[in-house]
Amino acid sequence: MRPSGRSIDQLRPVSIETNVTMHAEGSCIIRCGNTHVLCTASLEPRVPPWLRNTGLGWVTAEYGMLPRATTSRNRREAQTGKQSGRTQEIQRLIGRSLRAGVDRVALGERQITVDCDVLQADGGTRCASITGGWVALRLAVNKLLKAGDLKSDPLPTHVAAVSCGIYGGQTVLDLDYAEDSAAGTDANFVMTGNGGLIEVQASAEGAAFSRDELTKLLDLAGAGVDELVAAQKTAIA
Amino acid sequence: MRPSGRSIDQLRPVSIETNVTMHAEGSCIIRCGNTHVLCTASLEPRVPPWLRNTGLGWVTAEYGMLPRATTSRNRREAQTGKQSGRTQEIQRLIGRSLRAGVDRVALGERQITVDCDVLQADGGTRCASITGGWVALRLAVNKLLKAGDLKSDPLPTHVAAVSCGIYGGQTVLDLDYAEDSAAGTDANFVMTGNGGLIEVQASAEGAAFSRDELTKLLDLAGAGVDELVAAQKTAIA
Amino acid sequence: MRPSGRSIDQLRPVSIETNVTMHAEGSCIIRCGNTHVLCTASLEPRVPPWLRNTGLGWVTAEYGMLPRATTSRNRREAQTGKQSGRTQEIQRLIGRSLRAGVDRVALGERQITVDCDVLQADGGTRCASITGGWVALRLAVNKLLKAGDLKSDPLPTHVAAVSCGIYGGQTVLDLDYAEDSAAGTDANFVMTGNGGLIEVQASAEGAAFSRDELTKLLDLAGAGVDELVAAQKTAIA
Amino acid sequence: MRPSGRSIDQLRPVSIETNVTMHAEGSCIIRCGNTHVLCTASLEPRVPPWLRNTGLGWVTAEYGMLPRATTSRNRREAQTGKQSGRTQEIQRLIGRSLRAGVDRVALGERQITVDCDVLQADGGTRCASITGGWVALRLAVNKLLKAGDLKSDPLPTHVAAVSCGIYGGQTVLDLDYAEDSAAGTDANFVMTGNGGLIEVQASAEGAAFSRDELTKLLDLAGAGVDELVAAQKTAIA
Amino acid sequence: MRPSGRSIDQLRPVSIETNVTMHAEGSCIIRCGNTHVLCTASLEPRVPPWLRNTGLGWVTAEYGMLPRATTSRNRREAQTGKQSGRTQEIQRLIGRSLRAGVDRVALGERQITVDCDVLQADGGTRCASITGGWVALRLAVNKLLKAGDLKSDPLPTHVAAVSCGIYGGQTVLDLDYAEDSAAGTDANFVMTGNGGLIEVQASAEGAAFSRDELTKLLDLAGAGVDELVAAQKTAIA
Amino acid sequence: MRPSGRSIDQLRPVSIETNVTMHAEGSCIIRCGNTHVLCTASLEPRVPPWLRNTGLGWVTAEYGMLPRATTSRNRREAQTGKQSGRTQEIQRLIGRSLRAGVDRVALGERQITVDCDVLQADGGTRCASITGGWVALRLAVNKLLKAGDLKSDPLPTHVAAVSCGIYGGQTVLDLDYAEDSAAGTDANFVMTGNGGLIEVQASAEGAAFSRDELTKLLDLAGAGVDELVAAQKTAIA
């Protein structure tokens, strides 16, 4: 029995509200149950130094959590003077995941920075950031396409992510915080809209896990990502 | 003529949505026109070292701006490794302003941290943070009162703030970004619910200003704060 | 009765000793009672990047306090790894105040950095820094004028500053540390040589203050600044 | 055809030299082809604050790369003022992996810090660090067991790691730098001595990968880890 | 011929003005020619953690240079975020030198921090800091002795320092900046009041130097320190 | 009697193993007794900004100590966020010492960075770094000479270093950690291959030392450096 009463293969309710800020080229708030993330995509006309004159574009991401997004207040990273290892690991994952779905030749020498700021956290913030971040990126690219600034679409496929885990001995989909903090194994799956794998990060918190368990987690994730991609399509339409 | 078409003594539309996050003891989103700030109040049972065993409470504030709250993207302070002088100046002002409206004996040895995070900026973010921050503080204190944890109310008065300035030669109320960036003099007024002054910060950007002009700015601010206090009352009721 | 025995509208003795260091283009030590600040103005031929090719000059300020300028020793900011919020707030105020008295077109593409280092502190260090900093600036500009490097004088007016406050229920001029640490309201006024207001920063430490009280503080400040401007004139002559 | 001429399921030659430093409780240099890592295990009698009086031990890891371990010199992290995101991600992985193989009750309130410093890099440094780090940890624990300081062995199983990837369209074992920098998918597998999975981190660098490809990578990794565990046994014996 | 016209064994004029700040337990401004250093000694009743309950006292030093103490303005270390290697090296030397002249048992569990801040620099700032720092230390200790807080004098001997060097092929005493920046060898000598050596730091800037040259430098330094000790005696008397 | 049983003028056994890493242009591990330092020389085609278009080359050094090079584990400097004062002092000494033996005109506009990383420490790490660092530098320069990239040899002389001290009242050569931590005076001597002095750094830890004692230390050092230069020659041959 899951704390939320969900069945083992049941996602939390997902909603994606688009165009939520006036300045960003693309933006949304994604809500996966009680996890709420504000995602913005900012377009800049220039790429990092190492890409100049290569004709290639760049997509990068930054991640943050508001101090009271969590049960008890965390110190503000701007004040501690550095981003934690966890923050850096997450934003590297988001950036890498989104880039895997980008045709950087088609994008041309532009940079899009996707900022994912967690307003409220209840587990699965990195996956929600990827799913919502892709929507913000899609909206910013749509603006470029509409303006005739791109010859072809640099986003050939959707990118979405979901976490799964082994909770109470069972493989379950879309861990919330209550499950995540007690799970034996925690795994994040980033996938394309047609079922390709972009990232698999599975980690034993207590006992090691078996290849059979990994297979079950992959099955759950595949079905979950299908639902998330459908939510992305609805939001953008 | 103001860029927004407002009259010189006209506030932007104000709305204050309360209880917007599930974890914080008090929270709201305040919207002053296109300036949107998420304010949370976090209660901690212990005070900073220099107040231990004094019986006095503490209220402090932190301020942040999401990277794409502004027209063009700003670097994330968590990544630059420090809070800018502007950020520190603002959060010191917010903290000092809120503390001026707190009976720290009645609060007892507790700390409340008010976080003000700007989701979208269009001028006046520090004033909106104070007005919204006080609502978050009020809601957190109400929770303590309801639970019977306080003997008397430590918030004897409202605290709200508004900016005024000299724009195009005229004194005007509640500058938006278009006005603020062109204003000759920019002033922030923090006041109590019954017209007392907590902070006056008036600054000549170009030519010096006269005592007469300061008087007119004070008149505008007094009327503006009255409206903001009314909005606070509506939100909390 | 004031701790120092001064009357409520009495400044501390002011002296300004000029040309105290051999390297700086302009320098002075200002002594306002027991508050002693060394001010130097350093001329650089180039402006910050955002001003290049605009024809405009720049004046900026930095502020520091020697570790044992105060009653008990403070940690050296060079060792803590950052300037405190207080330091940054003060140096931003000094820079803004001095710039308000500069004709940046007449200055041309030059930068003058005014360093204000407190050798001994007894309250009012930011005001002394502004008053003394202006003298250092004036001396550096005089050197440019004498050398024929400027067509017209970029300093059309004096800039000086004084603090006032409500101490023991009375409005008093030029707070020293004993008063400042006990004052109900603390205010800093930066003014031009002909009575124009550049900055007003009034802050309630305990109870809110009234508009009447603000008026009285403005009166005291006006008279005090007149005396400080006279001292500046004597020093430069 | 692999650049090194190895077959697709062939590990690089592995050697593990133990007790290479006089001060550390456990130490080794592991050489996986041209990747050389010095691993030391340091025993401390006290655990981090959050574990005090829980009876539980702690194992943590730090990772570094000498500036000229690589083809061209990298800046020294001690001089840049922070560990890079990559460094933090790697050391978090090493620590998590080693802890997954520790019985923290049996270890008792002790901390063992495993330092992995790369003397020479040719791909696969994080996996070599885990495999070598476990040997250093084992040697330090053996010292405790020999001294009678532990009632039971806190290391019930070996922990070792290997990278695999898709290079030139083929799944291959144990990527060296030439392969790693050109690989389409890069994956790291951390496993126990009896085939349990501790971490799976697979990442598409270009095209997404399929579940079939993941299966083949898991097969290669399983065989590779068996060889590495054999090398660990030889080294410790 | 020296730029200043001095003979090769001639010190610059030395003056030591004592009790120059009102807060510090001991203070002086030392002027060695155009090098001016403000030295303060601050007494604290507690020692660093590693000395608690040992009965031993501690003397430490910090060094700083005002931004415009030099020919062209240097960046403020408080703003760059760290003390330079040069600053740290100098303050470690000052602290070590002063401690070598302290009977730490007689001092008891107290810490005295000597701050040396260069107001104006013309070469030899570290030596002036040691010579002036010792006077500040002596004055602070005298206050303790007068108050009856010490049983015996913890300063059995004077400590003073002077630089020498090889300039234009000749060994000369007390380098000023013009000489220092052109010297072939630069050496600092810290000595006790009775000719004992505390620190010798000789460094070839261009060609190596010989033992004969070192001997001549030692001779010059010995005579120079005698004069400096006489100046210390005059200042304290 | 020395803890190691050595005679007072006896060096620890020295070995220098060259070409120990595959990437660096020059490298060695120097072992002075139980002090082991990995030295690499990295060639870069460009010099620091202040040397561009001067025709002069640059040699610089960095120093680090692995966390468990010492008896008890030290915090990793990359994690504390800065290099300690000790580290900076040492790497400045190494760089200055090596540069003193370089003909920078002959080197031309190239930079060579010598990294000295202590794998195991038992006293004398800075001296071993200089002696070993020179070998790495020599090997890198030999590569340039062999390739015909240099017209003349920029290394006219050997550079080597040794520590001496007063231990148990006697002057002794080549202090190990047991002696160093108990020595009354500690001195480091850097010399050329033909007996010229590059650096003398002698420091009284307890009582001051005399000129006679300094003479004895110089005698010991001269003989010790001769042996070290012989070891350098053997290593390079």
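Worth pointing out:
Letters are used for the chains, namely A, B, C, D, E and F, taken in the order the chains are written, and counting of residues starts over at 1 for each.
By definition in this document, contacts are C-beta pairs under 8 Å (C-beta built on N, C-alpha and C of every residue); 3 or more make two chains touch, one makes a residue touch a chain.
These figures come from a predicted structure and were not determined experimentally.
Chains making contact with subunit B as well as with subunit E: C.
The chains touching subunit A as well as subunit E do not exist; no chain touches both. When every chain is reduced to the mean of its CA atoms, the largest separation from subunit C belongs to D.
By the residue-number overlap criterion, the interface of subunit A with subunit B counts as same, with over half of its numbers used by both chains. Measuring from the averaged C-alpha position of subunit A to that of subunit D gives a distance of 28 Å.
One simple way to say how far apart two chains are is to compare their mean CA positions; for subunit A and subunit F this gives 51 Å.
Our note on geometry: subunit C versus subunit D, Cα centroid distance of 59 Å, whole angstroms. Within subunit D, residues 81-82 each touch two or more of the remaining chains. Ring order of the chains (start at subunit A, first neighbour subunit D): A, D, F, E, C, B.
Taken in their complex, subunit A has these residues touching subunit B: 21-24, 27, 34, 38, 40, 42, 44, 62, 64, 66-73, 76-79, 81-83, 87, 113, 115, 117, 119-120, 122. Those residues of subunit C that touch subunit B in the complex are listed here as 82-83, 85-86, 88-89, 91-92, 96, 100, 187, 191-192, 196-211, 214, 218.
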